[in-house]
């Protein structure tokens, strides 16, 4: 009961901020007046704030920035032992450094390492957490470009990447991070530069209480749907997520931007109802998923949960089963991947749900930006099929959906299954699947989860599997890289294509894309076309385990 | 007293859309049989390659054939046979659709006999050697050797070979009825025709190519849909191929699991893997897609409309604005007398009689309608009557009966003739004009009796049709040469959304361009040479077959019945084509749900018995489940051929209502139907021993 | 000299990254560290450290019977290596032999038995043997999953099996290092007749996610209260009072689950 109230208050809070926060983001991404600080940044960077970029230039800008980021972060990790605040930790090994650099730049935040024993404070702050901001900024920027594509009339340019990135980071991500870092500190999240304190426990042993700039990183970790924990235990760690209410705040932060972006979309295309429709699709899928995840976990099927009497393995007392399962759903419905409980020990079907959430393409509501653009791609596919059914060349928001759009959209949703299923099959084909901790179907789930998480840039894991081998680090690194940038380029190309199109005026013959019927249809297409693709693989993993 | 037209005369009913029996939809089993050889010929991989979805099925069928020969079993052979049948059924759908066109083409070919052309310079050459610009003489009884324009003479022509209409039509030089078509026969008189076609590109040639689907090009939406289907196919191919290492791992882990026909130590057997793939990829729509396209063109041909490209048919479905000529399309061809308005103190009977007398010799439809309205048309005029015909100078006509001189005509002309000025007449004339009517003033000697109110008569049912158009989101625009006031009144009466008054050809083009700049697609009909630029500019330009060659060249469709209202039907056919594609795509995708539930437990329940929970249809055995899914997948193609050929039922309504209706039938139906179908087939198949 | 476009683009990207690193990677966290030193926040920002460690970080009380015991931890309450067991819901077959690794089920059974013994209550659980391992049989059928049973092994026991006979076949003890599933057995957990709501609560037999869970459930605290009172010669009611005092209820009545902060409770006990 309390568990449902927990969910209801989250919904209420998200509904309450939808308009004001969405409007704020809209003003940020559509405004043309720049603050003194922003102008200072532009001058330092050497960017002309008024110069628009075509989709191709924009894409190259994103890729250049990301490439530089990966190299920079890789180098940073490789030399951390020579830097300030390294806490005496050695340089990060080459394949883990590659994996981690890619992971944070792609907003995945898959962690092939254990934070407290690998990363010094400076790398956490100035390396990893910076990417928490900018990778989120990249996602939002690309989503905004797609919105501009829909809104534009015969336009070639779609904004300027570095300007978008700067404004989004400085006006949306940073202020909220400052606010919520303080909130988290109030809740007990640590924020210091200490290398740790040794304390004597009641029974006379010594315990090393760790320190670090955690609160500042925690805020952006959730807000930017990044998910990379300061500590290995992530949001299960009492220093990252000390109480039931900080847990609520974390889930709220995870969902805040993804669920408010449809408002920006609505404003951008001049029809708020279109934003409501997209938000509704997201909400339907999200609610269904949360209900199933919580339901499966509370039901507690499986030999060990039955023996225990509850699915409590890997869960914290202060969160309990329901709030843990809600977090698990939220973190995988978005591209966050933070965990406050360990999915590997979930019931078979309860543990399947996070996978299914990611397999949906992380669109309900998805990662910051990436969720919205993924959903718009699905909506575009739906418009195409539905549009034919009303007897017209399909059009979405007045833009005709024709061969080029369908080609880009089809490629978009070809990429993820290719990576996830191809990677999983490769792991089994090459024998690397044997690093799974658990055996049989659960071991298969660990492998499937790993590639699902990497390919969808989530970052959570069935963490029993050992993945800091060269093969896994490289394979998952590639999965993250391709899973992030191929779709992103396709989205930008789609934006470019849409922007050039002359909008068709709306009439009674136009397919309405804001009505419940269409909303239901997009949700249906998402489930049937996207999720069912993975059903055969799921059958041999969680379903085999859960239906025995 | 005013008498209304409708009280007195019966208006000709508007020509109904031609009630030719439309054969589409009725699928004759013999037609299926006749198409079998064609369907088999299409198994050639070089032909199949054009349809990636079915090509994959064919490759799969070859693969399972090899496997079945290597390791024969009843199950393997049954699957193989049904996979081949799936391909054949798809080819059959296309062959049947093409077959109907071929029958039509055969009729057309018979019209293209080897004729000899008699050139004006006296030479006789074979018709195929005619060049553009050649002048040929055609006399009564001869077949016109090529497409062209009549440059001299007038003749009645039998065009039944191409239009199917047996009544002869008049073709004459100059004007808008000058075009003649090769293969038609001159019945009377003699004409000289200037050939306008290039050799081998005659109208009939193009018609034949069209109905045979020989050079059928994929339309934009078809291309887009094909891309989507190809993407789905790749995704499912991927899902199936990558399943293998997982299956091998699972089988090895569950050492207790016995080898089955579906799964052994080497993973899922090839037969079952192919079955799963074929069931998941969108074969239903893949199989029927080209048949839907061909049938759509065919439906147009059956309504005597020739589309020069499939693109135009698709564009017709997208049309936002319909430009319709007022005369002949919205209104009956001519104005009719609607009422007599006598001046104060004039006996209505006197006015009516004067109007009647003045019009007795007037053979124009207007004149006849005046006589009809006045009544007593059978009372002949006095023998002494001296007729005064209408002339452009006088702008009136009438009769002199001894001392009685009666005139009717334009107000200014008649008033000047009578030498009077009358405020009351001006007032009546103004009122009629502003109401969209045409006032004819009637005067006897120097006394003005009253005014005849002539008005355009809107064809019955037009208002309702325009209402339908509006619900479909289509704006109707009336094109007329009338002045704006008259046009506005008729537009209001007919219920069109907009009108273009005093329209010149330039105005039409400008109007079309403006609409197109706003992103709208425009359709129009036209027949005259001066319509040609506008026809070319419009996205859908339907030329009347009676029109000039220029018009027919400029448009992208030709209506052989020359019925301007057919534009509305063309739009509906265009929409129906797209709806059919969308509906069957939805159906095809929705089908997958049931197939997953049939095949996945069948493959894997042997390894993980718990997965039998997914066998919600309670299918008899793994073998029967997989076979049932494959059989359903094949049979559903045959079941849907009639729908593909006939098109999804279309009633004009808003997009919202169309979507909910089609989603209910083809979406929900697509989810439910295979559950029932597969279960039913399974009930039969389990009777086969060994399955 | 003009740079090629691609180079200019990458240089701009690098400059942008450096500027943003200064703002987001140094200025922002250091500002927050600064804010964290403000009165009211400084205690929490530095780890909520009290007289005997951080009140947020769980400790092991080393089975010292005078103390309330924390939950099991996959990492022994070491903040330098946080994490969970990551064992799945069907982790029920132990690896026996020289390098043994107990299944999650056996861990649960063993913990339950130990807690039961420590607190003097019934430590039985479903799917657990009396000796505290998972009650799991490897059942061989003639035809794989079906057919008559031909052989039965109790996979987690090398000694006397928990069941003498299964479906008419004598149950054998397991041999070290043998994977009975790979030999074709069907792994079958046996529920047994333990109550479905065991006396030892769930959190007492499961490891947390962080390995640092500072809380136990009120039920687990209540279970331990008599023993602690006895060991400390305290009034049981007083101990229960202290439990209530250190129970964090659901925040606002609906967030999270109630938990007893073990360290605070034990400090309070010591402080008397």
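Labels for the chains are A, B and C, by order of writing; each one numbers its residues from 1.
FYI, contacts are C-beta pairs under 8 Å (C-beta built on N, C-alpha and C of every residue); 3 or more make two chains touch, one makes a residue touch a chain.
The shown structure was predicted, so the numbers you read here are calculated from the model rather than taken from an experiment.
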Chain pair, A-B or B-C, that carries the greater number of C-beta contacts: A-B
With chain centres defined as mean CA positions, report which chain is farthest from subunit A. B
With chain centres taken as the means of their Cα atoms, state the distance from subunit A to subunit C in Å. 28
Report the inter-centroid distance (CA atoms only) between subunit A and subunit B in whole Å. 49
Go ahead and note the Å separation of the Cα centroids belonging to subunit B and subunit C. 71
For subunit B, what residues touch not just one other chain but two or more? 253-254, 609
The positions of subunit C in contact with two or more other chains are 181
Subunit A touches at least 2 other chains through residues 439-441, 548
Mind listing the subunit B positions that touch subunit C in their complex? 253-258, 609
Can you list the residues on subunit C that touch subunit B in the complex? 140-141, 143-145, 181-186
For the complex, give me every residue of subunit B touching subunit A. 220-221, 223-225, 227-228, 230-232, 234-236, 238-250, 253-254, 276, 314, 317-318, 320, 470-475, 517-520, 574-576, 578-579, 581-583, 585-586, 589-590, 592-593, 596, 600, 603-604, 607-611, 613-614, 650, 654-656, 658-660, 662-663, 666-667
Complex contacts: residues of subunit C adjacent to subunit A: 6, 9-17, 19-21, 23-26, 28-29, 31-33, 35-36, 41, 44-49, 52-54, 56-62, 64, 67, 71, 77-93, 104-105, 108-109, 125-128, 134, 181, 189, 191, 196-198, 201-203, 205-217, 248, 250-257, 259, 263, 266-267, 270
Subunit A contacts subunit C in the complex at 2, 5-6, 9, 41, 44-47, 60-61, 64-65, 67-69, 72, 114, 116-117, 125-127, 129-130, 133-134, 162, 165-166, 169-170, 174, 177-178, 181-182, 185-194, 196-197, 199-203, 205, 207-211, 213, 215-217, 231-233, 236-239, 242-245, 247-248, 301-320, 323-324, 339-342, 344-348, 351, 437-442, 445, 462-464, 545, 548
